[in-house]
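Pasting the structures here.
Each of the next two complexes has subunit A plus one other chain: subunit B in the first, subunit C in the second.
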Partner chain A sequence: MNLKRIIVVAGELILLLLVFLVIFGPMMSLFIWSVAIRWYWPSTLPQEVGFDYWRQALGLQKSLAIGAVSIVPAFFLSLSIAIVVVCIAMLIAIPAGYALAKYRIPFAALIMFLFLMPNAFPQQPIFVNLLRIFTRVGLAGTLPGVILVHILVGMVFGVWITSATFRAIPPHLEEAARSVGAGKTRAFFRITMPLAAPGLLASAVFVFITSLDEFTGTFFIGLPWINTLPMTLYSSSGYNMQFASVIAIILLIPSILFMALIQRVLRAEYVGGMG
Partner chain B sequence: MPNLTLDHVVKSYGKLRAVDDLSLEVRDGELLTLLGPSGCGKTTTLRAVSGFVALNGGRIFIGQRNITDIPPERRGIGLVFQNYALWPHMTVFQNLAFGLQLKKLPKQTIKKKIEKSLAMVKLAGFEDRYPRQLSGGQQQRVALARALVLEPDILLLDEPLSNLDALLREQMRFEIAQIHKQAGITSIYVTHDQTEAMVISDRIAVMNQGKIVQIGRPAEIYSAPASKFVAGFMGTTTFIHGKVSGTARERIVVQTDSGLSIQGKGEQLAAGDEVDVAIRPENIRFLTTPADIRKQGKENTFEARVTRASYVGELVDYQLDLKGSLLRAKGETANPLSEGTTIHIYVEPEQLSILKA
Partner chain C sequence: MVDRLSVRRRLRLPPYLLLLFPAVTFMLLMYAYPFVSSFTRSFVGSEGNLTLQNYAKTWDLYLKDVVFTFSVTVFSTSVTAVLAVLLAMYLRFRQSVISRMLVGLYKLPIFIPFVVVAQMMNTFLAPHGLLNLALAQIGLVNIDKPLELFNFWGLSFGFVWKMVPFSVLIIHGGFQMIDNSYIEAARSAGASRAKVITRILIPMSKSSIMVALVLVYSQIVGTFTLPYMLIGGKIPTTITVDIAHRVNYFRDFGVANTLGVFSYLLVLATAIYYLRSSVKRVAEAEPSRR
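For the complex of A and B:
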């Protein structure tokens, strides 16, 4: 091949390498930090590696020396909150999404926009004000308070994805069910729900991950009694990089797993051919 | 089999009357087609009968039963959709079984009924396939089977063949006509394709702007259209405008604006009325030899010039200039006429409709 071709291919490879580094660089750094016992500048790799921080985090070892605590309680707290949040949020989002998709709701666009609002503005001003309100009502620092905040923040994914899912189901399918004798409710549960299931699952997963990773709101409302995993991450980052990276990796795992799940489920839906 | 009666049915959307005081009776076992252009109200009427559109006025009866306020699932009506509306997450068997299971019929009965239905639409053995594994024509047949398996009182078909390609559509027309004869269910069929309507219908109701403008057997609608709209909608028609110059029994003599004297058939017309003469291409006969011309005489014989000749495979499509009016005509491919030729034509008065303009 000629010189021009070589230069182009070389250029593409370099670009690919740079993209790879930009995307995976921080992650690789994360993984290295999580197994570093001592890592001082200017060495490129840690001087001493080991799984001490992992053992501390998982509660397998208790030592005050390296400043790492068991994150197991915080992990289970985050998990439980996420599960409760998903249940409540989906109970609201599924009917809301269906109504917005199937009926001519006045100001539908405005309502959808309102659901988007909590995520559109800078978070601190919103949650500082929310803290004021919650304190007055007695919700500050309580579990219900944190759950409410998580629902607030996750609702946008709930309603937007469910309404898009229901909108994608051809209305004639429900009508066909009614024409063979099914009432509105039965048509919804036997026809619409099974077809909407992949999309609704995706919506639930997004709400779950949002709750698991939620920090700012939990920080303002949850302190000092409610301590979720992201908050543990926050309090250890900056001075205890090893511990912070262990927590970060643990938080990453559900996200990656669920994203892979959604990918597979949604692809199956398109192959299944809807209507 | 009961009949279906629509009694002064009205449906408005704001100021627009989609169905405008429509009364209709579909007889026991007949297939009646609602035929008309887009927006004429035929689909709205069908959806009113199926129960998905609430009426602003009027009533609907199946036999003696008033179904106006009954929800769709309790009307006992089978519905075939334009886009088939098969449930993609269920097999063909499950699609057909759904309605039967709601009636709490025993499993063996359900199986037998489904087998019978699928055999009727020539899809025996397709029970375990999913809709995505079927072609368009097969999906449409499953949709038909699904409606028929419940043995409804009334069958409604909403442009079921519109999504199929031309060749398949032609085939399926005959099949639907045959299946309807076998099943004998009172049916309403909606379409904008007049050929389809003529093939399958016992009667056709031509609709325009929410009203029925003519109702009758296909042959009547075609050969004796009641208005310019109906004449123009069925087949290809050319209109020549003129004034009635005289009447003699059933024959009307018209003096056209271009100065021709044409005789045709019409009703309730008097001298001086403004009319349109409706000419169909298949009724224009070419007089090629001088002997033919002499034999035919002066009545309804004209001289026209060929302005376009298009070979269309089974015939030649002509455009003729008759003193300013452009007529469509058909001819054999054996001895085609070339453009610019002057030709003598004759139209049988019996085959010309004179309509009030």
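For the complex of A and C:
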């Protein structure tokens, strides 16, 4: 009996080690690359390490090496796009999420279909056709064009998360407020909104991160002028692994932080179709 | 007073129309219209004529890539399914310090975007990347003949790495919805643990397993970043990479859209399942309607 226990615990430890190695191996590889100044094969580890590439990427140190660009402009571009996208997407998504949660709507299934389809079908053909349409109307390769695509990618999640949030709020609370004389609007802003606030905030953060990380849509619509952080990662990936790795780590941080924060309320709606 | 009331009555559009209008309009213009055009444009030739020539070209040039995409997807989804169900089962049955540590650990990759995963795999799976170096250290690989992984296997590894955590999350959630009393009852009636798993756990959480796998499958078919950065234009590659080449090098929207139609066809069955089950689930959870 005791032997069996030891075997089980040993098995568990091996499992833990395996999961740990598989998850952190690729992340370690990124980190090593980001600090590798000289790394010639067949050395197992870089011969010279340091934060030079970090300093260059963050614009603290000038470099003349090929592809050694400061990522600061790309960072601020990505940040401003994400902020604009969150504001517009949530402004559109919150009312729609509320309507889907609280009203009996004719053809509701059809409207839900519209919001579910981006999860069910590949999105790349959509971007291809948007490029065609945007080229015709002069939006291709422009900031507004990229923002529109990011709104499309983020809003779908926004609608589903907000509608799940509103659905979870019992209607009798708002009814109680109205029965003691609060108007419809007042009941909504004093009762429903505060209760929904955490869910709405989570969905806003999610839309923000989606925009920060968005690659495929930006690749089709933004090329070659809109250099967001993921686009800079891609363009330096071939010949400047260090820079690409620095950017990858910078993009890694918000997604892991978000994961840590959202742990308790994580649902399938949040994850269907990232990347 | 009477006047105001009558004005109000006349203007009483259902409020949800106003609430839904911006989102639905946006989706119709930015999603439904491009979606429909990917079908219609696939029948339009380079001179704007109606033709099947795009399909002939796609069939000649890219059939191999369609097959490659399909096999990577099926393989990665199957491996993901097995690993995810096993891990979720372990997490469901075993309450220990180690299992609690694993619960905190396994979720980390869920929100890591594909562009970062691609860069990770680019460095990790390279001929002289960390994986080969580490395997050489323990003597499993001859470093002069490193594993070539910028192909089917590396791509599948990347997909499984990204998708298992997401699937465990959903499947483990499904397992946890099953009350312990069912399992205890079966156990006390003499069912073995294997019986409990095949007769209770898996059948009762069939829908969450299916939703996880369907989402994994359709996401892999549609993922562009990982194959583009890992395999690129090598042959064979995925449909998504071909679409990008067709658009960027040739501005050939006809063949690009035909390839798009092929990728839609690959996910047709899973898409129908996902759409039907999602609409049904939302319709069932209809508590707080006015």
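Some points to look at:
As a working rule, the second predicted complex is superposed on the first by the 247 of 275 C-alpha atoms of A that agree within 3 Å, B and C clash if a C-alpha of one lies under 4 Å from a C-alpha of the other, contacts with A are read in each partner's own complex, and residues count from 1 in each chain.
The working rule: a residue touches a chain if its C-beta (ideal position, glycine included) is under 8 Å from a C-beta of that chain, and two chains touch if they have at least 3 such contacts.
For clarity, every value in this text was computed on a predicted model and none was experimentally measured.
In this overlay on subunit A, subunit B fits alongside subunit C without clashing. By the touch criterion defined above, A:27 reaches subunit C but does not reach subunit B. Looking at the shared chain after the overlay, A:10 reaches neither subunit B nor subunit C. When both complexes are overlaid on chain A, the residue A:170 reaches subunit B and subunit C alike. When the two structures are aligned on the shared chain, A:195 is found in touch with subunit B, with no touch to subunit C. After overlaying the two complexes on the shared chain, residue contacts for A:179 are found with subunit B alone; subunit C is out of touch. More residues of subunit A are in touch with C than with the other of subunit B and subunit C.
Seen from the Cα centre of subunit A, subunit B and subunit C lie 80° apart once the structures are superposed, a value rounded to the nearest 10.
Legend: residue contacts after superposition of the two complexes on their common chain; A:209 is shown touching subunit C, with no touch to subunit B. The gap separating subunit B from subunit C at its narrowest, counted between C-alpha atoms of the superposed chains, is 9 angstrom. Within subunit A, the residues touching subunit B in one complex and subunit C in the other are 170, 272-275. Against subunit B, the residues of subunit A that register as touching in their complex are 170, 172-173, 175-183, 186, 190-191, 194-195, 272-275. Subunit A makes touch with subunit C in their complex at residues 9, 12-13, 15-16, 19-20, 22-23, 25-30, 32-33, 41-42, 44, 91-93, 95-96, 98-105, 108-109, 111-133, 148-149, 151-152, 155, 159, 166-167, 169-171, 209, 213-216, 219-220, 223, 230, 233-234, 237, 241, 244-245, 247-248, 251-252, 255-256, 258-259, 263, 266, 268, 271-275.
If you check the complex, the residues on subunit B that touch subunit A are 50-52, 71-74, 77-79, 81, 83, 85-89, 98-99, 102-103, 131-132, 146-147, 150.
Chain contact summary for the complex, subunit C toward subunit A: residues 14-16, 18-20, 22-24, 26-28, 30-35, 37-38, 41, 90, 94, 96, 98-99, 101-102, 105-124, 128-131, 133-134, 136-137, 143, 161-162, 166, 169-170, 173, 211-212, 215, 218-219, 221-226, 229, 240, 243-244, 247-248, 253, 256-257, 260-261, 263-264, 267, 270-271, 274-275, 278-279, 282-283, 285, 287-290.
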